[in-house]
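Take a look at the structures below.
Below are two complexes that have subunit A in common, paired first with subunit B and then with subunit C.
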Partner chain A sequence: MSQVIACYKWVADEADIRINADLSVDLSKAKGKISDYDKNVIEAAVQAAAALGGKAVGVTFGTADAKPSLKDALSRGLDEACYINAQEASQADGAATARALAAAIKKIADVGLIICAEGASDTYSRQTAPRIGALLDLPVVTSVSKMDINGNILTAARKLDDCMQTVKVELPAVVAVLPEINPAPIPGLKAVLAAGKKTVTELKAADLGADLTPRSTVSEVKGYVMNRKNIIFNEGDLAEQVKALAAALRKEGVL
Partner chain B sequence: MSQAEDKFDSIIVGAGPAGSACAYTLAKAGKNVLLIERGDTPGAKNVTGGRIYTYALEMLEPGLYAEAALERRVTHEQIMLLGGERAITVDFHQPGFNAGDQAPMSFTILRAVFDEWLAAKAEEAGAIVACGIKVDRLIEQEGRIVGVVAGEDEMYADVVIAADGVNSLMAQEAGLIKDIAAKNVGVGVKEVIELPEQTISERFNLRTDEGAARMLLGCTEGIHGGGFLYTNKQSISLGCVFTPEEVARHRKSVQEIFQDLKMHPAIAPLIADGESIEYSAHLVSEAGFRGIHPRLYREGFLMVGDAAGFVVNTGYSIRGIDLAIVSGIAAAKAIIAAAENIALAGPNYMQELNRLKLMPTMKATDGYFEVLETPWLYDKIPNLANDVMEKLFKVDGETPSGVKENVLGAIKANGLSIWQLTKLGIKGVRSL
Partner chain C sequence: MAGIFIYSDKADITSEIIGFARLNGKLPVVLTLSEKDAQALRNAGADKIIVIKGQSEMIENYARAIAAVLKNEGAELFAVGATPRGRDLAARVAGYLDCAMVSDISSASYKDEQLICTRMLYGGAVQQTEKLSGLSVITVPAGKYEPVQGEASLQTLELQADTRVSVVETAPIVKEGVDLSKAEKVVCVGMALDKAEDLQIARDLANVIGAEVGCTRSIAEERHWLPAESYIGISGAVVKPKLYISMGVSGQIQHVYGIRDAGLIVAIDTNEKAPIFKAADYGIVGDLYQVVPMLTEALKK
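Up next, the complex of A and B:
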């Protein structure tokens, strides 16, 4: 039996984030949520676990604030969850995050597949899957928009800039999926109730034996303003105005 | 899942104040309770003006208000009459409403935080709270309500409690109410406007922790309705309630009338430089005692809060949250007392509603409905009051006319008669 790992992140809900007039970012009113793309990760893990006849296990690296994520994640069909509850998560860079997740995954027996999102909805740094692959010495397939599992072989469709690539990989492996991989369903009443009864393993930073010191630190987070050009094309007759508009768009590289 | 795992002692639909108060009381008594809420978090979309009378929280558990998610203690009760660009403000300041040695009488509140806090209390007490789930139907067996259906899932219980608010789908499903009659409801719109705490205190002349609750008359272009303003810690809740039928016929939309109110010379400075952080709209029951549904239960089913029609609107205050909490407690007590024979839950509930003085309160305020029915109350009266004030305070070197003359003139100018006002006065006195 092979277990499938879904890595997910608890992020601030962007709908509640406010940019102040001085462009400083106000997170004080933001509620947490599971990164939207990770909902697809969880669903992909649930489906893959069914294909492999194993369990789907959620793994998250977060601060104490991430606790409410567990009920939500488990109600989405995961069998178990592993919660690395560490203050370090608030400062972690891609490397530290991957080391924390990899260390926790190592503690789980018989892992056949590790699924991450291509990026988290807050930082979108696209590092988690490749770095976990490197740390655990597993093959990595990124930008996956579709996957099938047949015995020990995973066939993934990779969505690239202008073409699709099909890749076969032998399990165990790490994949980074795109949101279009599935339509992550909204959990129903029984699933929500069942979530409360599932097993959660909580780990502290010290349990991991991993170096969680970030090498890159965030020095500033600021909002930005799109500067509009505010050009009005009102010279000449209509035909001339359209011509001027088209020329300007061409100059911008839009046409 | 086995049948036993699909069954609870009680299922409560809706985690507003009524549902959470009911769940809290039942869970504390050791009942196996499921509280289902369609919002992703309790209170996420719930709308209220913004004040809660503390006695209801005290009834739930003495001292609970001290840790509740509340805003300011209301010490300034205000009434504002608008007439054109003029305004009369009555400000009743009673610091005693916020005396240190007892529970303050009422607080301003913001529902998103309050509802989430109260549902969390119910969860702490042992209730299971399932959010993001909409209940679609009731399950009926042999004439009894025995459970609910949400999406694909069925869940059973000895009693289902409808705490799903005004125009309750659950009560309709149970066949106890019909779709709501437009004349019995108001449409409320509301904006929450953010301002620094200090600014609010200064503009409303409030000491730390003090709050103002203001009802406004004359801000609805003659439409049956009124406005409200509540000072929160760092925001102001400003809104209007209108009778939907009259709005539909009116030349201006609700939004336009509300925008005019925000621009009114007596209101604009209060909210100046504030930022609107929330806009919402909701129905509110307006019929008072006669809006209570004739049957509030059937076997295996009880209705609480707005679902039952428990709202009192006197024109100078709206009460619904406190009544929702009290009715939630009443339902819980009724169910606990009916442990031996659950069929008694309904009759017990009616007794509890009387014992906890909810029904007597509704009955005592019944007369307001008729007073508030008076069509010219919403434009002519506030305008008349402002006309009288204007004449009273006007000094321009001319020979002043007598007060009586002034008043009579103003009455006539507003198209009213002494007789109409006397009738209203008698009605008013009777209804008190």
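Up next, the complex of A and C:
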């Protein structure tokens, strides 16, 4: 049991989201990116694979738009990737996502460890790791800020809101890691070039034999806007600007 | 027995979810892992409190057994407090039931036997409404509902735990910081600070105006310069002070989520394009090392 799975998601960059006047959401200008904390997942998988003497395999469930993620993910040190390329990903909820990922992982031999992030930067549902654990009936450890692998035993520090809990589990297992688990390095040029030569297995929805319909029904999606005064002091002498700000704060009566 | 089954490792949230159930005319059934927790909730308005007896001290390890109970009892909803343990348990139960789950609801209400939930996406930029029917799972953040009163019956239930994950050690986290959610004024520092000692610049301003010092996630979790309870945002504290002043905080959406209800937002940042200025009432484009000491002086008078 030596392969380590890194689940990573290709998401729209939230910084590029435009909210129209009618509060409808415009994602057309949004660039794709690997979900922020999934970069830590990939690094954690690379390290765990080294500890287990196996391969680190990225698994992603996305639409055709997620293709550019493969080179990025592989340049971060993964040995291989499995790309579930399915239009269903655009409508998937936590249930469908976990079913797709679990079905793909089942096809991979000798899986010792499955790693997800605490939460994806689009959904931030924090559901996927526990759901995959349930679907594959594997033990799950979430909120992991540190982990050590010794032989077949994983020891993890969990950061809960009232305590730090150290737990141990025999592999195979599913873990959800917090971003502080490691600093995710930026890949160098050599790694980027090497990424192009790595193996990618592409699966279609039909290959999975899994039901990809969501369990909840989305009835509305709308943008959130915050209306603020937006008075920015940006001209003239800095001392004058500070004076103007202090005066404004006094006038607002917030001091 | 139909009804809403409830669990939280925080008694306050359990009480609030009981309030939610009663508000919607549903029977609240509470699960606890100890007699003590059950006693503490005895008068919180639940219909019944079930004390789980089993081989593990971790509630997460009962997910499969709880999923079976929900099914057998004909539960209509499993509502769990949105804490790290609660989110884990809830999602694992949803996984075993392969049912719908809405995490960290912003709101939830019943209409024609469907539960209509809203939640935030993209760090708070987008709000999504989802409809749930049939046995489903939600997690509920603290402070959403009013607790109620009323005595519950008690019952114990033997459940099979999954003991594959076991606790080796538990170390309490001593909360060093203050409860920012109650602060009247907040001064917030971001990654622009060069070193931990420079926090003094923020502290000086905070002292002059009587504010608490908060920070962004990276300052707490990567640099460990301030305790975890000091960071503000979607995964940290949500604050509602009269006045919030940031310095060297770019204002990414996940952080801004935590300051939406602030009375007045003031930002100091060198980058005039930083998103924090869009979220601010007042701003100065400038170096915090220059601007903040000047502002502290100006506000002393």
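Just so it is clear, the second predicted complex is superposed on the first by the 223 of 255 C-alpha atoms of A that agree within 3 Å, B and C clash if a C-alpha of one lies under 4 Å from a C-alpha of the other, contacts with A are read in each partner's own complex, and residues count from 1 in each chain.
One rule holds for everything that comes next: contacts are C-beta pairs under 8 Å (C-beta built on N, C-alpha and C of every residue); 3 or more make two chains touch, one makes a residue touch a chain.
Source: prediction; values computed, not measured.
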item: Partner chain(s) touched by A:184 [first = subunit B, second = subunit C, both, neither]; value: neither
item: Partner with the higher number of touched subunit A residues, subunit C or subunit B; value: C
item: Subunit B versus subunit C as contact partner of A:31, first or second or both or neither; value: first
item: First, second, both or neither for A:78, with subunit B first and subunit C second; value: neither
item: First (subunit B), second (subunit C), both or neither touched by A:192; value: first
item: Partner chain(s) touched by A:52 [first = subunit B, second = subunit C, both, neither]; value: neither
item: Which of subunit B and subunit C A:228 touches, first, second, both or neither; value: second
item: Residues of subunit B defined as touching subunit A within the complex; value: 1, 6, 34, 36, 41, 128, 130-133, 150-153, 155
item: Subunit A residues touching subunit B - in the complex, by the definition given at the top; value: 31, 186-190, 192-194, 196
item: Complex interface listing, subunit C residues touching subunit A; value: 9, 58, 60, 63-64, 67, 83-85, 87-96, 98-104, 116, 120-132, 136, 162, 164-173, 185, 209, 221-222, 228, 234-235, 242-243, 252-254, 256, 260, 263-266, 272, 275, 277-286, 290-291, 294-295, 298-299
item: Subunit A residues touching subunit C - in the complex, by the definition given at the top; value: 12, 14-15, 17, 19, 25, 93-95, 98-99, 118-119, 121-135, 137, 139-143, 155, 158-170, 173, 176, 178-180, 183, 214-224, 226, 228-234, 238-239, 241-243, 245-246, 248-249, 252, 254-255
